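Shared between the two complexes below is subunit A, which pairs with subunit B and subunit C, respectively.
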Partner chain A sequence: MNWTQLLTDIAAIIAVSAPLIIATMGIYLSERAGVINLSVDGSMLLAGMTGFAVAYTTNNLILGFVAAALVGGFIAALIAYLGVRLRISQTAIGFVLALLCTDLSSFLGNPYVQQTGPAVPAWPIPGLTSIPVLGQLFFRHDAVIYLSLILVPLLAWWIMRTRSGLIVRGLGERPDALFARGIDVIRWRYLMVIVGGVLIGLAGAAYTLDLKQGWTYRHMAGTGWIALAIVIFGAWRPWRILLGCYFFAALQTMASRLQDNAWQIPTQVLQVAPFVVMILVLAVVNSLGAPELQRWINRLPMPLRRVIRFLTSPAPAALGKPFIQQ
Partner chain B sequence: MHVSIQQINKSFGPVRANQDITIAFAAGQIHGILGENGAGKSTLMKLLSGVYKPDSGQMFINDHAVTLGTPRHAVQIGIGMVGQDPLDVPVFNVLENIACGLQMPNDADIRQQITHWSTTLGFPLSPDQRMRDLTVGQRQQVEIVRLLIAGSDVVILDEPTTGITAAQVDALFAALKAIVATGKTVLFVTHKLDEIVALCDTVTILRAGQLVGTQLAMPVSKETMLIAMFGEFFTHAQLSAKPIPTDAPRWKLHDTQLHDATFVLGPLNLSLPKGMIIGLAGLEGSGQRLFMHHLAGITDPDRGQIDFNGTPITRANPTVAWLPADRLHEGIIGAMSLREHVLLMRDSLLAPLQTAYEKSTQLIADYAIKATPDMPLQQLSGGNQQRAMLALIPESAQGILLEHPTRGLDAVSAMTIWHRLQVRRDNGATVLFFSADLSEVMQYSDAILVFFGGQVSRLLARDTLSEEALAALIGGVGFAEVTA
Partner chain C sequence: MKTKFVALRTPVIAMGVGIAITAVLLLLAGADVLAAFGVLLSGALTSPSRISDMLMLLSPLLLCAVGLTTSFAAGQYNLGIEGQMTVGGVAAMWFLRGYHDGSPVVLFWIGAVLCGMLMGAVWAMLVAVLKRYMHVSEIFAGLGFNFMALGLALYLVFGPWKRPGVASMSGTEPLADVLWLPTITGTRLTLVTPVLAIVMLAVVWRLIRHTHWGLQVRACGLSALASVRMGVPATRRTFEAMALCGACAGMAGALQIIGVYHSLVPNVASGIGLMGLLVALLVRADVRWVAFVALFFAVITSGSIQLPLALSIDSSISGVLQGLIVLAIIVARARRGEESA
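Let's look at the complex of A and B:
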């Protein structure tokens, strides 16, 4: 493998990860506020299908993305109403909606299967493309990929460094404490879940209008579940989630590259390998946080302990728990 | 700021937690709110701080009517509360915890304010400490500083001295005096008489949801406060208590210290004899549950040792039975019948159903349980569930630990239960129970342990105590003389 080949691969990984990153950031927002949106996979399919159908019919890309965002936002609003307001199990609602939206996308998307519609044009940024290495890696993509590149630092800054971000973190940790401070927990959670849903919808359209261009049955089925797993892998921290997205995309790229080699590994093994690796990494990282191991970890030198602590940061304490106003 | 409320009512289902409360709090003073557990103190404070909405009634700030019912209003008005378990976010640091929800936009200003208030009040706080690394006392200090930075004029503290060290209590009292010196108002909720005497300018006493003493200017005698808290005392006709035997004890605690997330009890040196009913007196949450958990062997003590019949207690000792108050949650499996429970307790995995049927029919007769052997226990009334739990204690049990054995039961059910417990005692079992009802403790105990301020008294023969004396001990009056 030579240098140009490596650069091309990395640029491809960055491009392929874009929808995944947008979806994980949507999940991240929602879960930081304490609400699990388990419908991601179905949401992405339905939003992606709708986005493609609208863009195809109107021949207008922007309208396509707007439609996808609305679908994602609507499903999220439903989850917020049922899960936050009516306090029904978020797991049950999310799961049912995931299944429902998947089938709905297949049914409603029937007329658009295998059609050629509009696609997001490439948009190399003039001037920056000629920077060696960086230019090729980051600045020869399209608007969707640029969005994925901006989204992570933007949300990381907002959630970790601003006062309103502090409120969002508090919502996922201890909503009672925020309620006592005069914050309308229900309204904030609604807002965050819906904004998260809009991002998930956009991620769906990023597939049908950009990465995979077009619509087929169960177009990118499975991606939503992977996105949910990556947020756990990323321990609800934006930069680690980004790392998780690239790690997963890299594993997939490697898998497809290894297929061409004469290693005699069956294709199926390579296709599921990234999932298996994800599970193993999750298992190792999670077990590092086990209380039985804490005594041993506390004996390690400080830098090592820092690394382990970084890897084992726990889930938001109030994640998935309904807030009951007294 | 002058706060007054008029004709406030609040009910939870059939329970009238606050009835027609009318009261005014003058600015610049520490007002004590005194009462037993369940007297309605916390409800009243939660109404003032907007956590609860009143069913009816009106609140006035400087004689202007204001709306109650959300913390947002209370924060805007300038009323803040420090709960028993401070409402903070464990993963935040002190600065973030204070900044969250605050109108002040600049972190540097907040840092400066934290330094200012922690110096003024004598709290050693640093803005960069993580909340989860702090003790309850320190978290409480953070909450007080937060309320002051948020501009609260009325600071409510709900049982603030539970679970904090003596040094922190001193620091807290000094800080509260400094706060009212600036013209702010402090409402101090407690059940400890000594604290009212040491700290407060006035005392307001609640009993069973009603005001029984309003804004009495201190000093008020402890006797007056006790009578107001518990009502007039009357003595029951009662069986004479068994004298405390001196042979080898059932339980023995050697220099034992117990703790849970918020509470430290001990060090304790106690011998609990065989064949006695021992009542644990004290306000709820004074460590009785912790004590029973350790006697049952569910939790290991911090240090020291607990012996049962001369050997260290082990987990799941079949001769110790623990009956928690929350029957359906911890005690029995609601969806299963008495017969299934009997079957569960069999050693043999293949015990035939028929023998369990006979056994449960017999238990139903012995304990006067109104049920069939196959009725799911959750369908039974509280009294029948309680009797079923007692019935399920194996005959071989030598130690029986009960929490609120007759709470919510009618008099007849309660008497049946006590009768069965007395039979168990006469067979040699040691029965420990905790009840919030003083007269029940006085009526059925052979000996009494009093819990107060993280300590336990020595075993007191019931015949040496009157109900008044016991009430005084629960409030901490004269408690030092009865500790071992």
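Let's look at the complex of A and C:
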């Protein structure tokens, strides 16, 4: 493998993981606020289909993205109403909505199958593209990919370094403490889930209007579940989630590269390889964080313990638990 | 009497809401709403061959849903059901490949179904172990194992078990004709699958509702901690419930191979497990309603297959209708304060 080939591959990985990053950041926001939005897979399909349909009919990309964001936000608002206000099991409604929105996208999207619509244009940033290496890696993409690059640092800074970010973290860890300090937990959770849903909707449109242009039956089904898994893999930390997205995209790129391989493995099998790796990593990382193992881990030398601490980080304590105002 | 009437009313209203939203969607798509509902409800019942096709969907669906009521009773969201069905099919195919002319066919059928059940149970146990000892959510472990099962089936179809010369998604070399489960003349339906599905329904009903074991499983589902304090072996009961669910799914997968596909196809499960999850969400651990709800879902799903031809409407509307009804009923229950978190 030569140097230019490697650069092209990395640039491609950065590009293909853009929708995944946007979606995972949406999930991250919502889960940091203590609410699981399990509908991601269906939400992305329905939002992506709507985005494509609107952009196709109006020939306006911006309207397409706005429509997708609205759909994502609407489904999230429904989950917030049912899960946060009515306190129904978030797993149950999320799962049903995932299936429902998938079928809805097939039903409503039927007229738009195989149509050619508008697509996000490439937008190399003048001046910056000529920087060696970095220019090729980061500055020869389009607006959606730049958004994915900005989103992670922005969210990481907001959640970890600002007062309102602290409130968001509090929603997922100790909502009762926030309530005692006079913060309207329900309203904040609503807000965070909806903002998360908007990002998930945008991610759907990022597929249909940019990375996998157009619409087909169950266009990018499966990616939503991957995004949900990556957030767990990333242990609810933005930078590790980003790493997870790139890792997954790299595995997929490798899988398609190895298609004409010497191992005699059929190509279709390689396409499921990333999922296998993801589950294995989840198993190892989560079991390292298991309370049963803490006694053994505490006996290890300090540097090793640091590594394990970094690898394992618990889920937000109040994740999926409804808040009952006293 | 009055409370019973109220209890009956809310699900009925919820179903009405689900149907009304579906009607609006059909209107939006420019379809003849009444005709569409007519096809959905009766499309599967108009001819013997259509009824048999509906029963061919109903039987594995019932098996999955029955299994899932067990895992739901134990409080587990077994999203890995599709994978458990797939490996059940793989195991059955593995067993049947050992067939030689003149061997006792019935023994091979029984062996294949048992292999499928065993493999399905193992696949479900993997998820249960990952959840219990490695703290991986059963939802994501289950999904991961679905993809792994699909990978395994694809590998076999395109690799070691491929049709000589041509490997394709359409499956492996078909089984010898004698190994196909006999069908009712004129249809593709075999009676074995519906009968086994009903047997499993009765067995699971008895286990869950009328045995000490079932009581303990339900206790684990309500509160694992409380049941441990009461001396229930919660880990063991949860594992057993998951294994039983996997066995049901594996049986469904094996029967799809012997009775329907007659070769290993990659997509053994084809969404039946997910539909089973919808059924199970609707009935929860209440086994009495499983057959009724599964029948309703099977009728509208088979009926919807005629929609594109009869009225040029996309058949996914049946899935939309099912999802809306399940969602509406879950909400109705919550508003009655019956179910929270």
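The rule is short, and it goes like this: the second predicted complex is superposed on the first by the 326 of 326 C-alpha atoms of A that agree within 3 Å, B and C clash if a C-alpha of one lies under 4 Å from a C-alpha of the other, contacts with A are read in each partner's own complex, and residues count from 1 in each chain.
The working rule: a contact is a pair of C-beta atoms (placed from the backbone, for glycine too) under 8 Å apart; a residue touches a chain by one contact, two chains touch by 3 or more.
Just so we're clear, the structure is a prediction, and the values are computed from it rather than from any experiment.
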Inset, instruction - In the superposition on subunit A, see if there is space for subunit B and subunit C together, and answer fit or clash. - result: fit
Legend entry - Touching partner for A:180 - first (subunit B), second (subunit C), both, neither: first
Inset, instruction - Based on the superposed arrangement, let me know which partner A:170 touches: subunit B (first), subunit C (second), both, or neither? - result: first
Legend entry - Residues of subunit A touched, compared between subunit B and subunit C (which is higher): C
Inset, instruction - Rounding in steps of 10 degrees, give the angle subunit B-subunit A-subunit C taken between C-alpha centres. - result: 80
Inset, instruction - Check whether A:88 is in contact with subunit B, with subunit C, with both or with neither, and answer first, second, both or neither. - result: second
Inset, instruction - Answer with first, second, both or neither: which of subunit B and subunit C does A:100 touch in the superposed model? - result: second
Inset, instruction - Have a look at where A:279 lands relative to subunit B and subunit C in the superposition and call it first, second, both or neither. - result: second
Inset, instruction - Figure out whether A:321 sits in contact with subunit B (first) or subunit C (second), or with both, or with neither. - result: second
Legend entry - Superposed arrangement (fit on chain A Cα atoms) - minimum subunit B/subunit C Cα distance in Å: 5
Inset, instruction - Spell out the part of subunit B that touches subunit A in their complex, as residue ranges. - result: 46, 49, 51-52, 70-76, 81, 83, 87-92, 96, 99-102, 105, 150
Legend entry - Touching residues on subunit C, where the partner in the complex is subunit A: 25, 28-29, 77, 79, 130, 133-137, 139-141, 143-145, 147-148, 150-151, 154-155, 158-159, 167, 266, 274, 277-278, 281, 314, 316-320, 323-324, 326-327, 330-331, 334-335, 339-341
Inset, instruction - Please name which positions on subunit A make contact with subunit C in the complex. - result: 38, 82, 86-89, 91-93, 95-97, 99-100, 102-104, 106-108, 110, 225, 228-229, 232, 264-266, 268-269, 272-273, 275-276, 278-279, 282-284, 286-287, 289-290, 292, 321-322
Inset, instruction - Under the touch definition given earlier, write down the residues of subunit A that touch subunit B in their complex. - result: 163, 166-167, 169-170, 173-174, 176-184, 317, 326
